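Next come two complexes, and both contain chain A; in the first it sits with chain B, in the second with chain C.
This part shows the complex of A and B:
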């Protein structure tokens, strides 16, 4: 039977756009709402920069989460890894580690990014070779990383001197756009291209849709999963570095529950916890919704307890909506 | 049939029909079962046996027709209702919770409550469960304790638990769906003793099987289904195996129509030497020539699928050598098998063959991504071209290449699996039950595709449990039994009887 590929290509495109359109519309509505509620403050460049830095932080973690959730897994470790890597970069640069004197910014950043990636590979090893459920192995790291961060610092923050050039990463801007946000856009673009245009991305979606069918189609399923977990670890380290820079200190208490916000962002953005579905654009928009709401509610003087209630409700609504959409199909 | 009995059937099924999208699974079938009798239900794969049993046990609802139990019209809405009516079914795959003990399993979902207030509060009566399960186990001749964990029992013992569970609801009719497929010879003997016992106790047993010799050993009557229709009924004591095979096969596939013999070349494309998997495959040796269709026949569990999977690197082989075009190839994973020029259409179309939530395009592209992405970047134009070509060649009926494959019919899904492998340009194509569960039209199309492929010089290995199919399609037939190749039959020599003889582990008498 003849396939009218032209018209179909069109319909597919509009459908794909439509999926993220939902999230985009929700985001814009929120934006307009908060603007109408506090017109003086909300659109000020300083406030927009706050929102963007926030999105940068959770968006980065959401990228890793989306990859892993597409393959049917989950990564609970990223919040604690954020704290550990932030502490590590500060320790390496300011105090030195295990008798080694302090090192420069670039080598410190590279080392910490490698450590984050190694944690990811560690997860990949247990998930693929040992068949340990991702939930369990990353929960283990969640505790381990949290404990290590506190051990290294003995509970106290390691504070950067205010003139340290390292602080530019998290606090500086380029043409009015926070540098951390620019970094997010770069990483999100790279991973988006991998997912949409490269064979690795095709394989990630296939593994999430049906791992056994993928294996029998010649896909090296383990290698695909290794990549996703390693990327998540790398993103957590990036977030840890940016956060240490933004706060001007490496502190073991940051990052708590960030993994849940990252997962929430991914899910609000249309990633299916059943695996096989999800996009980076959706996850970034999901993170943007979370960020905008938190910021807007602060401006409206909503109590922080109520903020949690509202954000939780948004998450539930997003998941129910997504499930209904799937059922209708 | 003249049953010469005054008693009425305990179960009477009248003109039941059931359709699934694209298939008429049952077409006005009749069926009767009598108390104190074993009724065998026979038929090829897809004949409608399982569908009828699922309707009877409340899993499916019939489109038409009526069922009577002791002359009372019944319409079970779910398995629970069917159970309460006295109809129990024991599936091939057991419904037991392996980490719980025997008596908990026997009363699963129907736990007896304690008397008085504790019962109302939800406390179960363990005493009662223990005592009664002991009786039930004795009834089926089980020698194990009722507090053993199910996962510590052998398959045969687990089956006893299933039967005890069926008895615990005061079953009047017990359906057994291929109960012997997972059992060894001695265990089958034990099971048959239990069945004879249950018969004496006045139960009606419906016994689904495709092993003829079992029918003659245990059944009183045999009912044969074919293509969703009632094909005939015989009294086993008066019937011959040929008679029953005749009913099952019915339309013998006309060989000349499907296939002209093609093995014109002598070039060996695939050679398998001493392939072993401990406890599963023993010294598998064979050759496949270019342009040849090699049929792999045998009963379920004879090692055909296992051979295919080991060959394709899906399961690890313990030893063995594989040559393609005369060159030794090392196959350690499906990945390396694909690179060596092998392709496998697995038996589980939906679980192993397809990513159901993905589009036709993505599924066809999956094994071919390397070829489509010379610089890691997918060439989407080329991909669409390739996919479109094979969708057209195989005449896959889909509204678009972007349609999720889960929305396609079984036949078209199977063609998508074929398409993805044809696009990979294999030297050897292994087909595991390629026509299972697809309608007659789609079957003919699959045969047609196979004929075209061998003409292009591809070697095909086809596993099939359908005799007429294997006889009509194959140039040569290997028959397997318990992980070994029992014998080889040329196209000219092959008959159903010879295949059946080899498949049940007996040597052929001098031909």
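This part shows the complex of A and C:
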């Protein structure tokens, strides 16, 4: 946990904005580069929609991850939760569960969002009341959710009929913008407002900067952490539902290593794994960088053997650059 | 003083939750999880003792559920009891779980073990140990290493199945064109062999391929990559889905791009979403493996080896160069109804049917 306390809120904010500027510049450079490489394809609405869908998926997970990382924790469960919640929403809508007949779209979505949030609260409980390291308890859920998703489906995808209205969420778009991306923008705005404008937000940063000091100054540290873990669970469930809709099926074969991409997006976007620092906009720009690179490398027909090497190198460069900048300060 | 007790309690809770969550995740084999410690009194079958025949698969997947059906059907047909024919899969591909399972059954003294090695090199030592203990060892689905103790491999030759896919796409694209390939791994043997066979078949045909897209066995990534590839190549004429979910991923991307029928799609396996793709005329053909037969023949072969001797069993079952090729079915809109009838004849439950569907819609 970072020792230096960010007591001066004003300096924290200008510092944060500067951070995002770096990520934004990196993102724009990347964008211009791929545009110059294949001008007739890269900016086509259909291609931009592909990138936006990627950002929607990983950005959503990054939102929860950033909140938790700011408080000095980590959530390794989000990828598996994505698979489990996707499977659950399809099961509830198409097959029914434990003798209960299939239910409608809205109740199914609400139930699954609640389940995701409950997983988050469960993590919060162990982290705050039991003092279990977040790494361990979320690793447990990572396994549990993966296992449950496989158990419920036995490996078979639960396939939606192609006329199901549920599919609009993940496959539809409004004025050319994918609906999942619009949902991301809404959620990101809400969480950003909480972080930057509300007392809860200041407390989240304070807890990450120095938990003991915030406790002594009257912050209910446990409640703050509960909020962050619950939000992360909720975001994972949202992603799971959107992916099930996108794929037209609930399947256990999604979500592998998504938590790592979400963490990578957050870190590229300037979130410090030591806690106390990080912004939602930065994390989403981080996810945008990863998404643009993945799409761009397919456009340029780069061998997939090489793609991982490039993505890994970008992650390392981002972190090293960030560390050097911090040392200079 | 209270806190350590709490922590201990919490750890125990987590441990038990994890255990209970994982145990049923190998649902295909309730028998295997019971870990029968007692030495089974081998009931005599035709004067020869069969204790247990074990078939070890790779992961929880529809494909392996069908293998299991074949295993159980063979056991029934041969008059073996349910505890004598055991099917086991780990929840996800897990070499270590396969090794541990094999060791358990070596210790119990199985009659024979048929295994689909997730990593043939890593499994070879324990297969050797089994063979030295007098257990018949065969492989299914994935061939063993060169010079393996496994005498027989039962499965699809992935290379020739890939060639079949290539030939099929070549037939669909007489004028050639750009073709995208989606697969779940750049290193797994079956992905490489299917791709290589495919490339071999289209050699010199006017078809050019893009770099294979690797989604790391993630359906959502597969769709993402298919979307990208189609938008990057407006002139794309065909696509090949190497793993079971790659076909549906291409199909969704093709539908979204409004290119149904323009981009010819050949996929692998016959899951419900692939069959839906064929019925919607997005998927022109799919290469279906006969995994049911792999399970069935694995049990049958080991049974015959034990009761009639290895040489006779191999001759009877038509083993050629240590291989029983179970072959593939090429399913198209024209042959879908025949495929359905054949599956029903084998009691393979299907999630789909062709009622009210007219194959001539896809002309």
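In this section, the second predicted complex is superposed on the first by the 312 of 329 C-alpha atoms of A that agree within 3 Å, B and C clash if a C-alpha of one lies under 4 Å from a C-alpha of the other, contacts with A are read in each partner's own complex, and residues count from 1 in each chain.
Everything that follows uses one rule, which is that a contact is a pair of C-beta atoms (placed from the backbone, for glycine too) under 8 Å apart; a residue touches a chain by one contact, two chains touch by 3 or more.
Quick caveat: nothing in here was measured; it's all calculated off a predicted structure.
Using the contact criterion defined above for the overlaid structures, shared-chain residue A:238 touches neither chain B nor chain C, since it reaches no partner. Look at A:199: by the touch rule set out above, it reaches chain B but stays clear of chain C. Legend: residue contacts after superposition of the two complexes on their common chain; A:71 is shown touching neither chain B nor chain C. In the superposition on chain A, A:292 makes contact with neither chain B nor chain C.
Looking at the shared chain after the overlay, A:217 reaches chain B, while chain C stays out of its contact range. After superposition on the shared chain, chain A has more residues touched by C, the comparison being chain B against chain C.
Of the two partner chains placed by superposition, only chain C is touched by A:304; chain B is not. When both complexes are aligned on chain A by C-alpha atoms, no chain A residue touches chain B in the first and chain C in the second. By the touch rule above, chain A contacts chain B in their complex via residues 1-5, 8-9, 11-12, 197-200, 202-203, 205-206, 209-210, 212-220, 276-277.
Listed in rising order, the residues of chain C touching chain A in the complex are 3, 6-7, 10-11, 14, 17-18, 21-22, 24-25, 27-28, 59-65, 91-92, 186, 210-214, 216-220, 223-225, 227-229, 231-232, 234, 245, 248-249, 252, 256-257, 271-273, 276, 280, 351.
Against chain C, in their complex, chain A makes its touches with residues 38, 41, 44, 46-47, 49-50, 53-54, 57, 126, 130-132, 136-137, 140, 143-144, 146-148, 150-151, 154-157, 159, 162, 171, 243, 246-249, 251-257, 294-295, 298-299, 301-305, 307.
The residues of chain B lying in touch with chain A in their complex are 312, 314, 333-335, 337-339, 344, 346, 351-358, 362, 365-367, 369-370, 372-373, 376-378, 380, 384, 388, 391-392, 395-402, 420.
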